[in-house]
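Below are structures written as structure tokens.
The following pair of complexes shares a single chain, subunit A, combined with subunit B in the former and subunit C in the latter.
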Partner chain A sequence: MRLLRLIILLAAFGGFCAGSSAQPQLRGTGDLGVVIERANGSVCIVDTTVRAILSCIDGLGDLSHASAVFSRDQRYAYVFGRDGGLTKIDLLERRIVKRVLQAGNSIGGAISDDGRLIAVSNYKPGGIKVFDAETLVQVADIPATYGAKRERSKTVGLVDAPGRRFIFTLYDAGEIWMADFSQPGAPEVTSIGRAGELPYDALITSDGRHYIAGLFGEDGLAHMDLWSNPIKINRVLDGYGKGEAKLPVYKMPHLEGWALAGGNFILPAVGRAELLALNADTFKEAGRVKVHGQPVFAIARPDGRHVWVNFAHPLNDTIQVVDVPSLQVIHEFKPGPATLHMEFTPRGHEVWISVRDADMVEIYDARTFEKRGQLKVRKPSGIFFTSRANRIGL
Partner chain B sequence: MRFCKTLLHRPRLEVAMLFLLMSTLASAEELTPQRKVELQNLILQDCGSCHGMTLKGGLGSALRPEDLDGVAASTITHIILNGVPDKPMPPWRGLLSDSEATWIAHALKAGVLK
Partner chain C sequence: MRLLRLIILLAAFGGFCAGSSAQPQLRGTGDLGVVIERANGSVCIVDTTVRAILSCIDGLGDLSHASAVFSRDQRYAYVFGRDGGLTKIDLLERRIVKRVLQAGNSIGGAISDDGRLIAVSNYKPGGIKVFDAETLVQVADIPATYGAKRERSKTVGLVDAPGRRFIFTLYDAGEIWMADFSQPGAPEVTSIGRAGELPYDALITSDGRHYIAGLFGEDGLAHMDLWSNPIKINRVLDGYGKGEAKLPVYKMPHLEGWALAGGNFILPAVGRAELLALNADTFKEAGRVKVHGQPVFAIARPDGRHVWVNFAHPLNDTIQVVDVPSLQVIHEFKPGPATLHMEFTPRGHEVWISVRDADMVEIYDARTFEKRGQLKVRKPSGIFFTSRANRIGL
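And now, the complex of A and B:
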């Protein structure tokens, strides 16, 4: 009897050991993503198929205005923090692989087309720094100095361009620069030319052809066609404010997530409760959409038919959906206080929305607008899905 | 009684502190504790998108006590209410009252928003 009990015990123990030493369940990462918890310095790994948080990882520092890019294999997320932190996260092992504090004050980054370089846009000290994506060892420091005093400019609108290049804009100097890493050795850094006064953000189209910088200090945008030779900067939508007094801008708009549909780009205006439609061939104004307030993000559903818009404080509890062909607002709803960011699933069947002051991420059907779920996340801001790994400029 | 004695012993410091306290109280008089919590959230989360969540700066200036050393609270109040022309700092008049802006200016200088 005692022997039997021992055997049962051993068998149970053996079973337990076998269970614990088994290989982790195999899975892909194509339906994963990260949500930034801006106030806690943590990042939550999410599964968009089962709409769940898999794990939250602490210790990423100041994550106000944080963003992320992904490795080509979609296994690693690179998170850019405000405090200059660059953190590489393994989405499968759910842990920090490497973390460096590369500057005092940063604003985002990009990954090169070959996936080997990570560039970070810095406010202090100004310029960009470039790192090896595998080791996070610094590869290049590009100070972005300007003027007679050789001051370092804050940089914004840093994106990857085809051919192992990065493009970025100098906020203080008002110039657009390119760093070309296509040749071995030191990068070739070129000032393309003047963008205008106080460029605050920029985008590159998903074909890597057009780079557009928004200006805070002037009524217009700067456009650069990378297919032209030599590359020139042209002013587009010049004087779109028609000399009218600007509305106060309580949050700067973002240009990432631009929409190209029906032959038009749809972009947020600055100091106006409007979206601007820009013809993608002629780069002339093609129309406007009156919206609820100062738009922050105007993000296209992946099929491009609709653009979802959120707004600056104090109107930041609302989202409007714009039908692109007719340039009409077709839906409006209020997810809650401080609706900061939207991210579509790769083919656009659902959209995840961070509602910061409700400590909630809400998930909606992107066609019927029905709510599909919600996740408790502490002060959520940016949401980034791994499908970004396969897109130029994200 | 002890307070009066202290006043007599260290008049300048104590009187200055008393005035500071009174002016802070006077300006914050109308603010409920609930409103102060809302303002704190506004500063760290919304102002923080330009000035940094720890107020060490970003596109906007750093706003820690050491950064505001030598800047009068009345100047800060003025900037909050009226903005900075031709720069992204917007005027908050209309969204914030005079006493709320004054409270924020003092709170920034005192470094009590964490």
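And now, the complex of A and C:
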């Protein structure tokens, strides 16, 4: 009897565990995400179906310029901190699985198309490091050395490309490199060529074909077509006016939120209150959109019809929505002070916006612009949903 | 001691259970999928990371032309059977949650962009029906009546469009309709216009902008640009040769596996051993690819560089791979008898292929074409991965 009671007890305990909030909950992971709390070194796990915070997790170090990618099963988030921390979070058990300090200063990362490798872009020491996604054991160290002195370059614009490859740009060296992990053993690391002066960020298109790097030291962008053979780098939008009036740059724009819509890439200009439209076939300028301030992110709604734009300080309380076919601003509103980031739900029905100085994440209908909800988050910055796991270049 | 041993034993057993089919397992759902066992009325739940079958579930009725969509949390699959059955499966608990027989004969379905509505395309009685995704309670019945006799038309090519809309085509009436559920209450149902004679299937592009319907009764396709205002339907590829020699058609191709790649849509021709390339800007013919037989599916690898093609009986043991920029067949192989369907992993590193008459699902590296594994499945047909939940039009 005693034995039986014990068995029943253990069985009941097992059953209880599955459903309580203290214990991991049996649930799908396709509608989860993380919001970075930049000031607290913490990350909040969110549910985009019920629009709720499930749990916030501390101990992630300096998250002042943090981003995240997701495992292909969408159970784990990998958070890249500013302090070189790489933290693997279990979204179901709501805890840190592992954390490594892999460099002194880093700027983001990527996950390989098979989900097995995590690459991190480092400033100090320069280069990229690559880790096993399961264990966070280091797999490769690519120092990105350049020039006669063999210095290590800061790296930026690190993305995954199809075929277990990573592409990244050397800030100091002004070059674009590729690390190919498709074969067993050491990766094949290649310098594709020169991008230009002071490349500050880059994007890869969602088909993994086009890589575009923004330049801070020159008036233009570098474009690389990965389908060309051999792969070459071309200058595009040469002299688009970044340098015209030597405008002060309040914040460097991000290219991650690039938009390919209606046959054009829509990119934030550097130092100008403009978006640039770049024809996706010819890579010539196809128009400009005057906007409220210096754009930071220009992010396409997933159907590509609209591009949502936020702005640099001191105009960073505002969002503008641009209609892509007409290149017209069709909506403007003020979510609040320090509107830092936007993330659309995967098929674009809603958008989540972090309003840092209101300590709030605001949720809007992405078509009617009606407010759908808000969540109290301490100094929120980046918002990342698990659907990124299934996209090239995110 | 004996107690301790028992506890250890139970703990071990509990651990074992977590992985067995008896107990639900705490796990992510981003790398799950279902394979239809067409002859058995069953569906197998698969894991694409470890390339394994987790469980097979019986009792889904006639699955001879079945397809599936997924809830936005990627926990539930909705399987559309031939017999009008709509079955909701819990991929974690590995069981049928609910099953309704909503018509006598049906042909597929779609899920709205907010994940709240499931629409089913019916042959008998004609029209579409729409259900609450949570409960499978009927929300709307759209009979698709046409003509003076107010007959109900069979419907085909049912897809989700952004903004809580469904688009579908009336086989008998030759019209394209839209049902808009963006407002509370009854949907707004509109006939957009005439598609042509005997539309047999349709696709919507991954941005939800272009809807293209194939015609069996005429030599051309119908194209609709949802961004145009008012929305109009245009004929494209008029006289491409479907009718030239009155070729016998062994099996109607599917348009679901359309490919937009390198600026062209790649579509299977009807009755001809050809793929048609359609310029995505001009909607004019941009070339043809001679292939092994009458194509059934022409599916782009997620990066769009290659299109994989399977064929109608009696040439259905073969797959060809077409390089998109050159429109050349670059690879051919024979997975086995009755190669019915293909599904790529979300970022395209592998492809799963159902080989019905070998009772096998074959898994290949989608770049090197090396075989990576195989799974014993009884008469497999459609393969559907949960990543579809996050895509427009899948």
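Operating definition for what follows: the second predicted complex is superposed on the first by the 366 of 394 C-alpha atoms of A that agree within 3 Å, B and C clash if a C-alpha of one lies under 4 Å from a C-alpha of the other, contacts with A are read in each partner's own complex, and residues count from 1 in each chain.
Operating definition for what follows: a contact is a pair of C-beta atoms (placed from the backbone, for glycine too) under 8 Å apart; a residue touches a chain by one contact, two chains touch by 3 or more.
All of these numbers come straight from a predicted model, not from anything done at the bench.
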Touch test for A:259: subunit B only (first), subunit C only (second), both, or neither? neither
May I ask you to decide whether A:251 touches subunit B, subunit C, both, or neither, giving the answer as first, second, both or neither? first
Thinking of the overlay built on chain A, is A:357 touched by subunit B (first), by subunit C (second), by both, or by neither? first
In the overlay, answer first, second, both or neither for which of subunit B and subunit C A:278 touches. neither
Is A:286 in contact with subunit B, with subunit C, with both, or with neither (first, second, both, neither)? neither
Using the touch definition from the top, list the residues of subunit B that touch subunit A in their complex. 41-42, 44-46, 48-50, 52-54, 56-59, 83, 86-88, 90-92, 95
In the complex, go through subunit C and note every residue touching subunit A. 3, 6-7, 10, 14, 24, 26-31, 48-49, 70-76, 91-93, 113-115, 160, 162-164, 182, 207-209, 227, 261-263, 281, 302-305, 325, 345-350, 367, 386-387, 389-392
Of all residues in subunit A, those that touch subunit B in their complex: 38-39, 62-65, 82-83, 104-105, 107, 123-124, 154, 156, 171, 198, 200, 216-217, 248-252, 313-314, 338, 356-357, 379
